[in-house]
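Sharing a structure here in structure tokens format.
Letters A, B and C mark the chains in the order given here, with residues in each chain numbered from 1 onward.
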Amino acid sequence: MFALAWRNVLRNLRRSLITVAAVALGLTSLVFLWGFNDGVHNTMMRNLQEVIVGSLQIHRQGYFRHPRLVDTLPEPERVTGQLHQLGVERLSYRLRTFALAAGADTSEGLVLLGMHPAMEQRVTRLAGKVDQGRFLRDNQEAACVLGKTTARNLGLRLGDEVVILTEDRFGSLAAEKLRLVGIISSGEMGIDRGLAMVPLGFMQRMLGMEGAVSEIAVQLTRERLEPVTVALRTSLDAGYEVLRWYDMYPMMKQWVELENAFYYIFLSIVLLIVAAGIMNTVLMSMLERIHEFGVMMALGCSRRYLAGMVLTESMLLGMTGVVLGTSAGLLLVHYFHAAGIDLSGQMASVARFYVNPVVHTEINTDHLLHTVLSVLLASAAAAIWPAVRAARLEPVEAIHHV
Amino acid sequence: MLIYLQLGWRNLWLHPVRSALTAAALAVGMAALTFLSAMNDGWMQQIKGNFALTLTGHLQIHAAGFEQSRKLAQHIAEPDAIVQRIDGIAGIRQLVRRVRVSGLASSAGSNGGALIYGVEAADEREISRLAGFVQQGRWLLPDDVRGVVLGAGLADRLHVGLGDKVVLMASVSNGDIASEVFRVRGLLHSGVMDIDDLLAIIPLRMAQQWLGLGDAVTDIVIRADDFDTVDPLQQRLAQALQGQGLEILRWNDIDPMAQQWADFADAYTWVVLLIVILVVLAEVLNTMLMSLHERIREFGLMGAMGVRSSQLFVMVVWETMLLVMLGSLIGFLLGGGLAWWYGSRGIDLSQFAVAFSFMYMDPVIHPALQAASCLRILGAALIGALAAGLIPAWKAARLEPVEALREL
Amino acid sequence: MALIRADGLSKGYRSGDSLVRALDGVSLDVPQGAFVVLAGRSGSGKTTLLNMLGGLDRPDSGSLVVAGHDVLRMSRDERAAFRLHHLGFVFQAYNLIRVLTARENVAYVLQLRGMEKRQRLALADRWLAEVGLQGFEHRRPDQMSGGQQQRVAVARALAASPDLVLADEPTANLDSHTGANLIALMRHLNEQQGITFVTASHDPSVIAAARTLVTMQDGKIVDLREG
């Protein structure tokens, strides 16, 4: 049956080719658009996690919604011990509050983030984003790293003094002079503007909070995120909150879901069109061969066999299209994964969504699988009606059909 | 020409199922494109509108360089003179003065970065939607002195409610730090993170006194009649204010995000349009080639009768156009109808609310088809139809009657 | 002066390895008002000659003048216009455009010639009546018998009052009675209205009706008999 179906597909080669081309074209574009889509989304989510937020943060219960300096993390060593037991090494201690940073003649309210220089570099890529100067080095030094927008707004250059004004643990004003040792240019608005990074040890001393941390940021691979979260939530008591990146910033995850939802709509539209195309071809080829079908039935072919043959033809068309389309699409995705698509001219502002203006395409396996399977399903569905019609033919009438 | 339309129409009926399938595929594609475009258009209107009307206004006048530096030292010293100068320029629906400075807000035990806006309580209602977002307490009154309206997120972080005290700190013109105590009068919830988490709104006079600005302001914010009049208005303002050391910025200069987002969405729509049209046209091409193949003898016959090859060409193009236009029209009406239906009802996507509010969008989308989008879709369909018609038409025109007649 | 003056027409084409001479130096004069039948076995060159006379096919060598026009010097479009204005065709079968009614099929050629609508429909009806198809004006080809379809084809060929009607095996797909009727009709029109016919056929009833019988074999005219 397969060989026969294959020959029938080849019989009207041009028509089959056009049909296959339509399927392949649709699939190529679907795969490539997925590649673009997933490339943007995955980069966005990765950047958010790797640049500063981390995959997971552990705070005192309620801290994330109501961050107060005094609500520090209870027994950070115990948490660290648990994390080590789970095999997690990439973790960083941070102390967080708000401060006013003053330059020569202006000031800006910002987040003051104390981080342990060595630990931080194991968790995030902040150090790599330093554009001028260096990242924090010594845990005790009176140094600070600012985003480039803040530095510019404050009129500060590398080596200048910055005055940091904040309230200490008791609510009284604490002020320190720090040296600006590094300027970060990340493209992300939450970092380039409104953030001052200082050594954890120094900040603890400044605020009279030796040994205290507000958060532990943890970096995990995508596969490890959920199991580690579950493990931590069961092992840590109610005094802690274990938040994944998207618990803290649901916006991005929703955005990705929204765009994916749109994408699935688009997918189903293309599918409908492709299915109509396959159905057209299979139906035409079936109608052309009514006489032949009549002869085959007279020779003893069962109705089921005829229906199966029509179905096989349709699947052959679909599969050839799928193989070609997927290959072409994946090739494109692969090529642009390495080469990147430079959109920096068009969309300078995307950086605030943690998107790189150069998009490196990649495709999630489940998206690829859904797409390919649905095209195959569509080509099977398209054959149903022609197959039923073929099976319903009356041999005598069919033979007399010209 | 009419005979070819007639011939084309009847030829489509030779294989009603095939034609219907092709037309249906076209209709699905067109309906989807139309509806998606309408949704996109509705969205973009919303983003632009919300963006400009929430806070930014259509145009802002600052001392030159202020938007870059955000330094209080770069202020408009005599705003009244400026306002007088531009008074009567057509297209200004409303204008309002503001002082804008970045600072720190603190309460007992908590603090947070804040964007402090000094506003004219009454006039501000006419220009931005801020007053409308007050969900607890009230908007500032003209006689409020030490009242502050806080973004709900900021208030939450500071652990303060109505009537509580908040200390605002900012560095003043000469570089010193000034702080002042305010009492919370209202909390606003806009859904836009930048606003809810950062904004502290105080009376303009108070801001000027506290920051030692005298009568000076940082922003003169203008609301234009609509988005289309922004560019010409900017030019008129620039003319009127030449040589005053001012910058006149449009909403999209101040924050290019909304505009770039719109451009990006636009580009994406084009790509989707292109793909759908391509796939659909491959199908039209297939149908037309099948139809041509079946009728080769007929073409030969017509050639023998003295029909010129150019006439055959035109005939096939017409036939393709007919098929495409039929499918497109159905699809266009379907998609347009859907857009119209949902235009008044709205599509509720509240499950993505957070993502939307970040983009200054309401989670309820009202599709609104713009004329430009209609033209774009129909144009693409027509050009595509022509393109898909050319190949079979060319084949038909090239047929040698003698050979075509041999076909059965 | 002859309506058709063909001189030394030759045409060869490749069939596999060998060169087949479809026409081998055919010369033929056909006067105005003739009723010529080209007879011969299939493959003798009848159809090729007929197609050549109609400007559908080109010879490798030779010359051909039809109704005062040097057909071989014409471009594709000129030949199309020539056919439109001077020739009528009747083929073996499937002569009609499937989606047009009998009347529309006849009127179509007239429309191509730019005739105004009312006039061409009237003329079409008249010719359909002439070939005995009154009452069939609104039938489509698939609603008519083979003989009726051929009659429509004759009506169409004649409606534009051509100088010459070329018919290629017009009776081949008809039963003998219907075929005889068709050829009688053609002969009748030839005699009544002086229309020139050149018909290729190996149907005895057609051959019997010939006023000039041209017998062909292997691309040559082997016999020419005035009847």
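For the reader, a short list of remarks on this structure follows.
In this text, contacts are C-beta pairs under 8 Å (C-beta built on N, C-alpha and C of every residue); 3 or more make two chains touch, one makes a residue touch a chain.
Computed from a predicted structure; not experimentally measured.
The greatest number of inter-chain C-beta pairs in contact is found between A-B. Each chain gets a centre from the mean of its Cα atoms; the one farthest from the centre of chain A is C. The distance from the centre of chain A to the centre of chain C, with each centre set as the mean of the Cα atoms, comes to 72 Å. Inter-chain centre distance (chain B to chain C, centres taken as mean C-alpha positions): 67 Å. Each chain gets one centre point, the mean of its Cα atoms, and the points for chain A and chain B are 25 Å apart.
Counting partner chains per residue, chain A has no residue touching two or more of them.
Of all the residues in chain B, the ones that touch chain C in their complex are 3, 7, 10-11, 13-14, 295, 297-298, 301-311, 401-402, 405, 408. Contact residues of chain C toward chain B in the complex are 51, 54, 56-57, 76-77, 80-85, 87, 89, 91, 94-100, 108-109, 111-112, 156.
Here chain A touches chain B in the complex through residues 14-15, 18-19, 21-22, 25-26, 29-30, 33, 65-70, 97-100, 102, 104-111, 152-153, 155, 165-167, 171, 194, 250-252, 254-255, 257-258, 265-266, 269-270, 272-274, 276-277, 279-281, 283-284, 346-350, 352, going by the rule given at the top.
Residues of chain B that touch chain A in their complex: 15, 17-18, 21-22, 24-25, 28-29, 32, 36, 68-73, 102-106, 108-114, 156-157, 159, 169-171, 173-175, 177, 193, 255-257, 260-261, 263-264, 267, 271-272, 275-276, 278-280, 282-283, 285-287, 289-290, 293, 349, 351-355, 358.
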